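So, here come the structures, one by one.
Look for subunit A in each of the two complexes below; its partner is subunit B in the first and subunit C in the second.
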Partner chain A sequence: MTAEAVIQSLASGLLMGLIYGLVAAGLALIFGLMDVVNFAHGEFLMTSMYAAFGLYLAFALDPLASAPFVAAAMFVFGAVVYLGLVRFAMSASANAGMVQIFATFGLAITMRGLAQLLFTPDYRSIPHSWLGGKTLKVAGIFLPAPQLAGALVSLAAFGALWLVINKTDFGRALEATREDAGAVALVGIDKKRIFALGWGLGGALVGLAGAVLATFFYIYPDVGASFALIAYVTVALGGFGSVFGAFAAGILVGVVEAGTAFILPASLKYLGIYALYLLVVVLRPRGLFGSL
Partner chain B sequence: MKLNRREALAGAAALAASLGASGAYAADEIVVGAVFPMSGSTAQTGVDARNAIETALAIVNAKTDLDLPLAKDAGLTGLGGNKIKVVYADHQGDPQKGRAEAERLITQDKVTAIIGCYHSSVSATVSQTCERYAVPFMCADSSSPSLNKRGLKFFFRASAHDEMFSAAMFDLMDMLRKQGQKIETLALFHEDTIFGTDSANVQTKLAAARGYKIVADVKYRANSPSLTSEVQQLKSGNADVLMPSSYTTDGILLVRTMAELGYKPKAIIAQAAGFSEKALYDAVGDHLEGAITRGSFSLDLATKRPMVGKVNDLFKKTAGKDLNDNTSREFTAMITLADAINRAASTDGEKIRAALAATDISGDKTIMPWKRIKFDETGQNNDCDPVLLQYVGKKFVTIFPESGAIAKPLWPMKG
Partner chain C sequence: MAGSSHDSARRNNLILAICVAAAVACLPLVVKDVYIQNMLVLTLMYAALSQSWNILSGYCGQISLGHALYFGLGAYATLLLFTKFGVLPWFGMIAGGVIAAAVAAAVGYPCFRLKGHYFVIATIVIAEAGLLLMLNWDWAGAAMGIEVPVRGDSWAKFQFARSKLPYFYFALGLALVAWIVTWKIEDSRWGYWWRAVKDNAEAAESLGVVVFRSKMAAAAVSAFLTAVGGGFYAQFVSYIDPESVMSFQFSLLMALPAVLGGIGTLWGPAVGAAILIPITEVTRSYAGGTGKGFDLIVYGLLVMGIALGRPEGIVGAPLRARKRAKAA
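Our next item is the complex of A and B:
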């Protein structure tokens, strides 16, 4: 193994890691805001990918161009899921935590079933996109253009998210609601509205992730499962409640995955991620950047 | 979390199944169970399998002019014209779910035989369950060579296993070598369940015996979100021939990642599975001009045997695609099983087993390029010579063995 191979591994890991971070961002946001784990996160991702694919079929729109539309649609979808389902699950009089889990879980099964019914289980992909199959070669290191674009979108999304959370009234309301959902009512913040917008924002982030993935990944009703598991690990690793923890943890997961595959047989490449996850759970249960 | 989610899905499926399975079938129906992946990451294969089996049933249960067993009469003449009904169960690619579903089909639905299961790992558990209940298991499309070597009495497989398929691949390479091609090194790329593992074991043995050097042996985790590190290992090995044993999802990601990392193998010889699926070529066919895959079936045969084209048309009407390696084997397995049940003139497991053991269908009464269907004492048909197909100009042409070849192999591939 040469130095070039090591750098290639790291670079690929970094690109994938940024995308993992983007996939996990919406999950982390919603969890941080209201302590609800969205078990349908993978299905949100799957829906976004189908949306990008649908826009490609209907208008020959490249996934990168359709990303804003997919994000907007998923914003609405996220808010609707909150208003139509999660809101009621949260107001369950007994065992609200379990009710939330079952509600989002049921949603996941429903969405997956509907996708199989409507779109058949066939594997779809976008054969020709602006960046598909293009590769940037820098000093012998290959940086696939779709992943590179995905990584840039991820950076931009996290940048924008930082601005929204730290520089806007909405962001401050979001933070305040996160800290004490009861007290914010006293200063005139409508908790339900903030929650709905939070779900919308989470949906929009996963919408971006889905559009980015659609440029280079195959699409089918179960595709969410491959990414959702990594997203859950990423969120737990980064620290529950920390959106930027998810960003850092995403990168870490990507690099550790690539590094493990470099040292161990490739079939064991998730060993590194889960070992790291266990280590963090034992030594620092709130996660690397957790504030809870 | 994945486990919980999967298990809950299984629970829901089992519940739905138990509600649906009232066991109420018409008295004149012979019930056969089919265990395939109807949901999960290989659901598409299961859905296609269902279409293949239903095509076979349409031929068995109605009068047609096709030259296939049971095609000329309506229903099974041995059982007073009774018709076969297939109940489907979903294993999601999970051996444990497969076993539970087989058990349910046998005890609740009282099926007379089971057909399945695509994944070799699932066929392994399902056939064991069938053995316990003395119910024949017709292995349609699982190719792991270990399956028929477990001393099971009720296991039957009409199509070839990966030892036979791999031997054909090495025969082709030997032939090309003799013609002056330089083929020295191989790279194996295989998924981590029985299918990939057994396939790689066989290929490793054959490589040693025939004097090829394996320069990369990459065992990967199925359905990974990324195969970048794996492809890098293949690339640094830069073997003369890349030999993947992959299901569709990983196959698509493999080819795409190879293109992104600038790796162009000189040749690909695939252990079918994903590489016989239309979805893979729709997605990444541009990079696969000249890729070779093993197969049991070739539409070429329609030029010599018109019946193949007619059956393909029937299948295409419901499935919207041509028969391929998998669906042709599922179709043939169903016909073979129906033929045995008819000759047994009974729904008793032991009698059907005896009839299966006595099966002798000549090749020209099938849609396959085989000599015949006749099972040895392990339940394996040894007269089902595999073919090698090459993807040229957006379709498959038979290139090996020479007797059935339509074209000379294109070597190296164009990619």
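Our next item is the complex of A and C:
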């Protein structure tokens, strides 16, 4: 167990962690805004990956080039899901919590079925992307280029998100709605519009994540499931609804996963993530950065 | 909720349950088709499982999306004890139930401090950790799973290759037992405590309800019954692997009938299972084909429709209407 191997493992964990953060960002944003856990988040990711794959097939666009288009399409999709489904689930007359879980879960199953119907359960991958198979060697550490690009996209996305939340009217309206959805109506902010835009923004973020993942991960109808669980854990670890908490928690999750794979057989690498989650919430029942 | 009308309502429920069970028991006289018998077994099994889930999640309000863990523990305990030590499945199922109840208590000890989504995600995470461990546990068959060795049809060994009927009657018995346990608990001190915990844990605590122990008891009862169902399922399908008994899908499948029928109600799980399972089985066999996804689409749309159209469940709605009628 050399120092170099440890650093190598930390570095790949860090890159993957930044990508996990990006995958979780949309989920955290939506939860913070309106207390809804989107159980179809993994299927949003799956759809984004297929979109990137489709754009590659149709126009030979590299996923990194098509990422903005995928994000734009997912923005529309997110807003449509809010307007067509979640809006009604939120106004349910009973069991609101369960209704939200099962409405979004039903959507997830439908999306998975549609993906099977349209694309078959086969595993797909993008064979020739700009960065596929390339690695970068920095000071004796190998960094796979697709993951590195993904990590950079994640950093850029979180930077942009910070600017949007802190510097724009929309961002301020988002924060205000998040703090007190009832009061914002009094100052003339249309709550429903903010919610729809919030779902759009969440969709766009997961769209970016999907395009990034499409460069180095297999694409199949169930691909969202494993990422979704990691995303829930990340969001909860960060403290539900804290977008930048999710960013930090994502990095932590990536590093712990790499560390676990270093010590235990690789097939048990998620065990470290689960243990981390349980440990953190038992010691601090609001997650790391939650302020409940 | 005055004494006598409350008691007579409870008695009527019991009579109705016995009549329904008797009517269901007669079904095999007319239903000879093996495919439909198979569907009936699954329907009854899900009614029992969902009834068990309902005890913790519906009555006590601790939403668990990790019951696949208890189901899988029951299935594995039964088959491992039988194949490795020759313990008859009857004892294996009970042992599985006891193990699951112990695990539920051990898991509940740290987790019942958690609230809302933190608790729900903890249940998912723990079940997934169990799945991961089973996938890597070579002695228990790891990802390959284990098969029930064929020993010929017998009640002692609980295997019947020629007929579905013994499984059918066992599943009916299990569903009835789960229903009666719920019925019994509903009117006991525990039942009132659980509903108090569900409505407002802080208020309940201040009125002297032992909140933490209430949750532990609900978890243990719920896990025990779920694991017995798991042991039954293992014998019924005669082959299990971690994905087929411990995956997240199972946790949701157990919860859905109760959600559809009416969460936290006596009849909800049975009514939900009676509608949901036949629909899923039929779409699976007629529209599913080979992984085409039609069955998933129908199922997903159904779940969305139910969640939005009947948030209080099928049984929940008339109850509310009755209350409104009483108030008027």
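Following the convention adopted for this analysis, the second predicted complex is superposed on the first by the 292 of 292 C-alpha atoms of A that agree within 3 Å, B and C clash if a C-alpha of one lies under 4 Å from a C-alpha of the other, contacts with A are read in each partner's own complex, and residues count from 1 in each chain.
Rule of thumb we're sticking to: a residue touches a chain if its C-beta (ideal position, glycine included) is under 8 Å from a C-beta of that chain, and two chains touch if they have at least 3 such contacts.
Keep in mind it's a predicted model, so treat the numbers as computed, not measured.
After superposition onto subunit A, partners subunit B and subunit C are found to clash with each other.
Once the two complexes are overlaid on the shared chain, A:265 sits against subunit B and subunit C alike.
By the document's definition of touching, of the two partners only subunit C reaches A:98; subunit B does not. Applying the stated contact rule after C-alpha superposition, one finds that A:121 touches each of subunit B and subunit C. Contact with both subunit B and subunit C is seen for A:221 once the two complexes are overlaid on the shared chain.
Contacts of A:108 after superposition on the shared chain: both subunit B and subunit C are touched. In the superposition on chain A, contact of A:232 is made with both subunit B and subunit C. Taking the listed stretches 238-246, 256-264 or 310-318 of subunit C in turn, the superposition on chain A shows a clash with subunit B for 238-246 alone. Within subunit A, the residues touching subunit B in one complex and subunit C in the other are 105, 108-109, 112-113, 116, 120-121, 221, 225, 229, 232, 265, 267-268, 270. Subunit A meets subunit C in the complex at residues 31, 37, 85, 88-89, 92-99, 101-103, 105-117, 120-121, 221, 225, 229, 232-233, 236, 240, 265, 267-268, 270-271, 274-275, 277-278, 281-282, 285-287.
If you check the complex, the residues on subunit B that touch subunit A are 1-2, 5, 8-9, 12, 39-41, 43-44, 46-47, 192, 218-221, 223-226, 228-230, 232-233, 236, 248-249, 252-253, 256-257, 259-262, 277, 279-280, 282-284, 286. Subunit C makes touch with subunit A in their complex at residues 63, 110-111, 113-118, 120-122, 124-126, 128-129, 132-133, 135-136, 248, 252, 256, 259, 263, 291-308, 311-313, 316, 320. By the touch criterion stated above, subunit A contacts subunit B in their complex at residues 1, 5, 8-9, 12-13, 16, 20, 39, 105, 108-109, 112-113, 116, 120-125, 127, 133, 135, 137, 142, 144, 146-147, 216-218, 220-222, 225-230, 232, 257-258, 261-262, 265-270.
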